[in-house]
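Multiple structures are listed underneath, in structure tokens.
Note that chain A is present in both complexes that follow, paired respectively with chain B and with chain C.
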Partner chain A sequence: MTNAAAPDLRQRRKKINGQKVLLIVTFSVIPLFLLALFTYVPFFRMIRFSFYNMSYTKNKGFVGLDNYVKIFTREEYVSAMLLSLYYMAGAAIQLSLALFFATLLTSGLKGSGLFKGIMFFPFLVNGIAIGYMFKFFFTRGFVLDTVLQSLGISLESLPYWLRDQSVNNWSLVFTSVWKYCGQNMVLFVGAIASIDPTLYEAATIDGANKWQQFKAIILPGIKTVFMLNLILSITGSLSAFEPAYVVGSMGANGTATFFIKIHQMAHVHNKVGMACAMAMVLMILILVFTVAQRLFFRYVMKDSENTFNGKANRAKALW
Partner chain B sequence: MKKILSLVLALCLTLGMASFAAAEEALPTFDQLVYGENADITASILFAYHRTDIPEKLNGYVDEFRKTYPNVTIEYDLITDYAENALNRVKTADWTIMGIPAVDKDELSGFFVPLGATDVLSEKYAFMDAWNFDGVTYGMPSTGNAQGIVYNKAVFAKAGVTEIPKTPDEFIAALKAIKANTDAIPLYTNYAANWTMGAWDAYIGGSATGDANYMNNVLLHKANPFSDNGDGTGPYAVYKILYDAVKEGLIEEDYTTTDWEGCKGMINNGQIGCMVLGSWAFTQMRDAGEHGDDIGYMSFPITVNGKQYASAGADYSFGVNVKATYEQKLASLYYIKFLTEQSGFAYSEGGLPIDKTGEYPALYEAFNGIEFVADAPAAEGEEALFNELNAESELAINAGGNTKIQKIIEHAFNGDKEFDDIMAEWNEAWTAAQEALNVEIR
Partner chain C sequence: MTTHAAGNRGLTQNRRAVARKTLLRILAYVSLLLACFIALLPLWSAFTVSFKTAEEYSSTNAMTLPQNWMNLENYAQVWRGNQPSQSLLRAFATSGLVVVIVVTVSVMMGSMLGYVLNRFRFPGNGLIRNLFLIATLIPGIAMQVSTYQIMTDLKMVNTLWGYMILMSGTDVISIYIFLQFFENLDVALDESAVLEGCTYFGAFFRILLPLTVPAIVTVAVLKGVGVYNEYYNANLYLNSGKYYTVSTALYSFSGPYKSQYNIICAGVLLTLLPPLIVFLVFQKQVYAGLASGSVKG
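What follows is the complex of A and B.
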């Protein structure tokens, strides 16, 4: 009886395993196929295109590294890349603001749910809509000027937010901060909420004040999410597009970021090969920044983690 | 059994294809086509086009057309960002008729159905050179545009400008008078809308030189075409008007936040003096408010040897997808025939007639004594050269090079670059492109 049942069971298990594999394969075939079709195939073709002089409709021949050489020898592209520095500065402000609000909202504030909702809302609005909104926001004598005037600042002393080249990139950065701050904040709130609350109690008993708690408990506790947010905002800064395209009239008046230059190269000048090379440069740049950040945190911030764990252990031991 | 079945299936398919291929007759050329024939033809047509502002009018034409061809359905796909979008789509089968985007002329036959021999069609229709390659025309213009300036007559009168300016100096003087005597913005640039800036390129050919060959031939082979001619003509004079107007403070104060839809109402009610736009803009400005009678159209203020000229050319031309089915192609041709000869589209849009028997709309009353110059096509073998020079130099003249015109405004306003230096840069870029493509300088 048992002898007869054993192979039967084994066979059934085999069958079930086979079905499992079949199921996994059939379920993943479509997404994998789509991923390959729409991500990897275009990506590898883009690499190939970047070595050619070609338009959308015509291939004018292999040019080797010419496209890449042009990118780094033409001053306008280098200065377009430097525009990212504005957005990176914006990213730093954005992260600090997000962290500040996240800490505030997790400290048992009344109505924190409502505030979270309000602050997260801009992220849900379509980027193009935000662009048009801010165009009116920055127009002379419109929203921003009116608000500032009601604070007693005269219109004459205000700059033209988009026309004056000394401020216009900051105006665009502001729209980007406005949009993404809430998203960062929500991620921070989630991370902070997952910190073991006993740590705060221990720290309070130890006599740590709120700032010390923030520094020694919250900051190390949300390190992973902080890294994620930082990488997202830095890569976002490198490939900034929406604000400059919509609010800045497609990168007019010195607001053309590298991404906008790529767009113009491909769609105005019809130089697809060159645009692909620029996209490759942008991608490599983003990779470099991401790796650099990871290395920075692995080696430079390692000490702080040790001190954190050490402190926490000591706190627990004392407790 | 299965083998036999698949064999039968394959056979059926081949036969089906063969019979389908047999049904493909040669299409009639556009001049042979008689509107009203083949009224029982069945086809569905997707029409990609840029006129997002007049969907009702276009659908009205479809209804009218379907009275004669009831089995043809036509759906318009109206696209705001047309020039780029169409260029991406032109290779696909995802459209039946489209306004031809900026493709190279030697590629036309790969995308569009030939309409007939250019010299034959030219007897009956205007601007047949627009999409001519090797003596064959691939596009039928929707309407013709003349290049001039749309202006508010009441504002000019109030400013004391009684005669239409004929030279750059007179024009700048008129703008100054508007600034001094009225509250209107003398010249509205529409900087923020981008494409309205590229529109300035359309004036450097016929309007600025009186030479029909300038745009597609002379420019390509000229050494330093952006240099000063010294007599207020040529491309230099055109762009100089813009630079000077900005420098003298004769444009809108905050040019980075201009509003294209808003400007129509503003010129209509006298808040704007004039705008440099093709004649297609006239009807839009006229219909944008209650003071339509105030809107006028004048030629560009450049006089060549005592005579004024106005560049004229085709607006977007209709092309039929070469990948469409025979029925779709035929039905499309009938619809284009209808649009060209029956609909009155060109006239109602304030355009120059395409059908040579058509009328000129009233807006050209101020063009008395002004000669229309239609840009002659590029010389044989050089049909694609202009596009290539444009790409190589990245000036994109008359092909979406909006950024370079915006930069004129920025430099003039910020005072950080002289006009001559800008033109010298353009010359340099153009010369480099000519050298890269081995263009002979004449």
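What follows is the complex of A and C.
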């Protein structure tokens, strides 16, 4: 970098700078445009529409909070919202199962890869295909009933899995667990596999049993993924759609989730304002749950992180 | 466990520990086998019933095996379709086209934006990152009503290109996968190229893009399977009966075939094949992509 080369360099830098700007603009303009078009514009429109009584073609004027009041006072909406409690219970079961199997699969058993693959595959199955398979599965006297009968349970004592309103939502939740459990499990397996293996050795020497190891090493080590899975499954249960739409025949027999109600409101009854208000409620619920979980885990998990560090420090001292 | 123990007492203790370990191991295998049984049972029953003739289907139990495993009549039926527009053959072609284009667009947009955001400091860089981050918090499914209106305004309803733009436009995860990938790619690579007179565009296309093949495969597999399985938007935005994707064609079976699950399940099985093959070939990328894609998404 001698003085003689300076003007030349400056010119080149100018050229490079121009090129930089051009590159930044050309490379980011399309993704940003699409982000605005399909996320932010609909988002702000949704907020606005939720205060109007309107259809896709006609706007019948501003109604203030009327739509929101309806959602919380009419029984059909409240009960649809409460349906997501089933899916949340399902999510809790699903996460526990996923964590359980992930721990098994990372403990060095033979054939782990195969087990993992089989349990994960349902996640890749087309939702409509799942719908048909489970309709067939749950139909009176078909797959599930045959299996249960071979275990000695009489057909008369079994309910109609998809029609009987005391069980049909659980049947639908089961299809959702069937699909997503493997996905949660794979995420857990990845997180557990990335834990430093010397920690287990240290803990074993320390005399910790498997359960203590799970509590002190694995659980804190997968904190982030655990929270992520929890958020994914809670948002998933709030916006549950496919099981009820396909297996439950568009939410027949009291299986219409809140999201199906939104869909019907907009595309069957053509009440866009109302549908937007419902979507707003759904979104606020999801945000509240997400934030609440983050806060909760920041508070609770900090505790176990301390024990985790304590264990690690003790292990170090031992060495 | 107690390998350091010595003496007779140590030995019996050792034996007991081994017995306990074996028992635990057996329990672990039993629970894993049970889980796999539950994972496979619906698939297996759909598989077996798809080989049954109509008569066999109505006269035998759902779980009895088909008499003739070579009876492919149901498969031929769904392949041809009840009417030409609903044939799975055409649906596969439509979905194939959609997947190829959406994946290509997503890969290009994701890698370009990832490159820009990772390699250049400019006013707005942080803002763009935040805009994408916040977008992940807004559930897309909640905004479908207002999105539908925008699609209508832009005359994109019932056009294949409109559906493809929608599907490629709402993707944040692929951007994150590329962003992460570029973070781990040495800056010296493209910097030296630029210093030697290569343009930034050249550095991106000729040097960096070939190196991002692992990220490209991950994005392509995840996005490809996601788009292939997508039903909600396909149903909403391609409902004129002109275009059927695999999902909507499959859904349309419930009309003509009602509860003839021997035929429907043949369709189900056919639609399962592409993801199954992709999974068997790209297992590692699927697992990795799932982790990297969702940690930030």
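Please note the rule applied: the second predicted complex is superposed on the first by the 309 of 319 C-alpha atoms of A that agree within 3 Å, B and C clash if a C-alpha of one lies under 4 Å from a C-alpha of the other, contacts with A are read in each partner's own complex, and residues count from 1 in each chain.
As a convention for this text, a residue touches a chain if its C-beta (ideal position, glycine included) is under 8 Å from a C-beta of that chain, and two chains touch if they have at least 3 such contacts.
In this text the structure is predicted, and so the values were computed from the model without any measurement.
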Touching partner for A:G182 - first (chain B), second (chain C), both, neither: second
Partner chain in contact with A:F115 - chain B first, chain C second, else both or neither: second
Residue contacts on chain A - larger count, chain B or chain C: C
Which of chain B and chain C A:R13 touches, first, second, both or neither: neither
Partner chain(s) touched by A:F259 [first = chain B, second = chain C, both, neither]: second
Contacts of A:H267 with chain B and chain C, given as first, second, both or neither: both
Contacts of A:S55 with chain B and chain C, given as first, second, both or neither: first
Partner chain(s) touched by A:R140 [first = chain B, second = chain C, both, neither]: first
Contacts of A:Q165 with chain B and chain C, given as first, second, both or neither: first
Common ground on chain A, meaning residues reached by chain C in one complex and by chain B in the other: 56, 135-136, 139, 267
Chain A-facing residues of chain C, complex: 1, 25, 28-29, 31-32, 35-36, 38-43, 45-46, 49, 61-63, 109-110, 112-113, 115-117, 120, 122, 128, 131-132, 135, 137-150, 152, 165-166, 168-170, 175, 194, 199-201, 204, 225, 228-229, 231-232, 236, 246-247, 250-251, 253-254, 259, 261, 264-265, 267-268, 271-272, 275-276, 278-279, 283, 286-288, 290-291, 294-295
Touching residues on chain A, where the partner in the complex is chain B: 55-58, 135-136, 138-140, 160, 162-163, 165, 168, 248-254, 256, 264, 267-271
Chain B to chain A touching residues, read off their complex: 84, 87-88, 90-91, 102-104, 107, 191-194, 253-257, 387, 390-391, 394, 396, 399-403, 406, 410, 413-414
Sites on chain A touched by chain C in the complex: 16, 19-20, 23-24, 27-28, 30-32, 34-35, 37-43, 45-46, 49, 56, 97, 100-101, 104-105, 107, 109, 115, 117-122, 124-130, 132-137, 139, 141-143, 146-147, 178, 182-183, 186-187, 189-191, 204, 224-225, 228, 232, 235, 239, 241-242, 246, 259, 262-263, 266-267, 272, 275-276, 279-280, 282-283, 286-287, 290
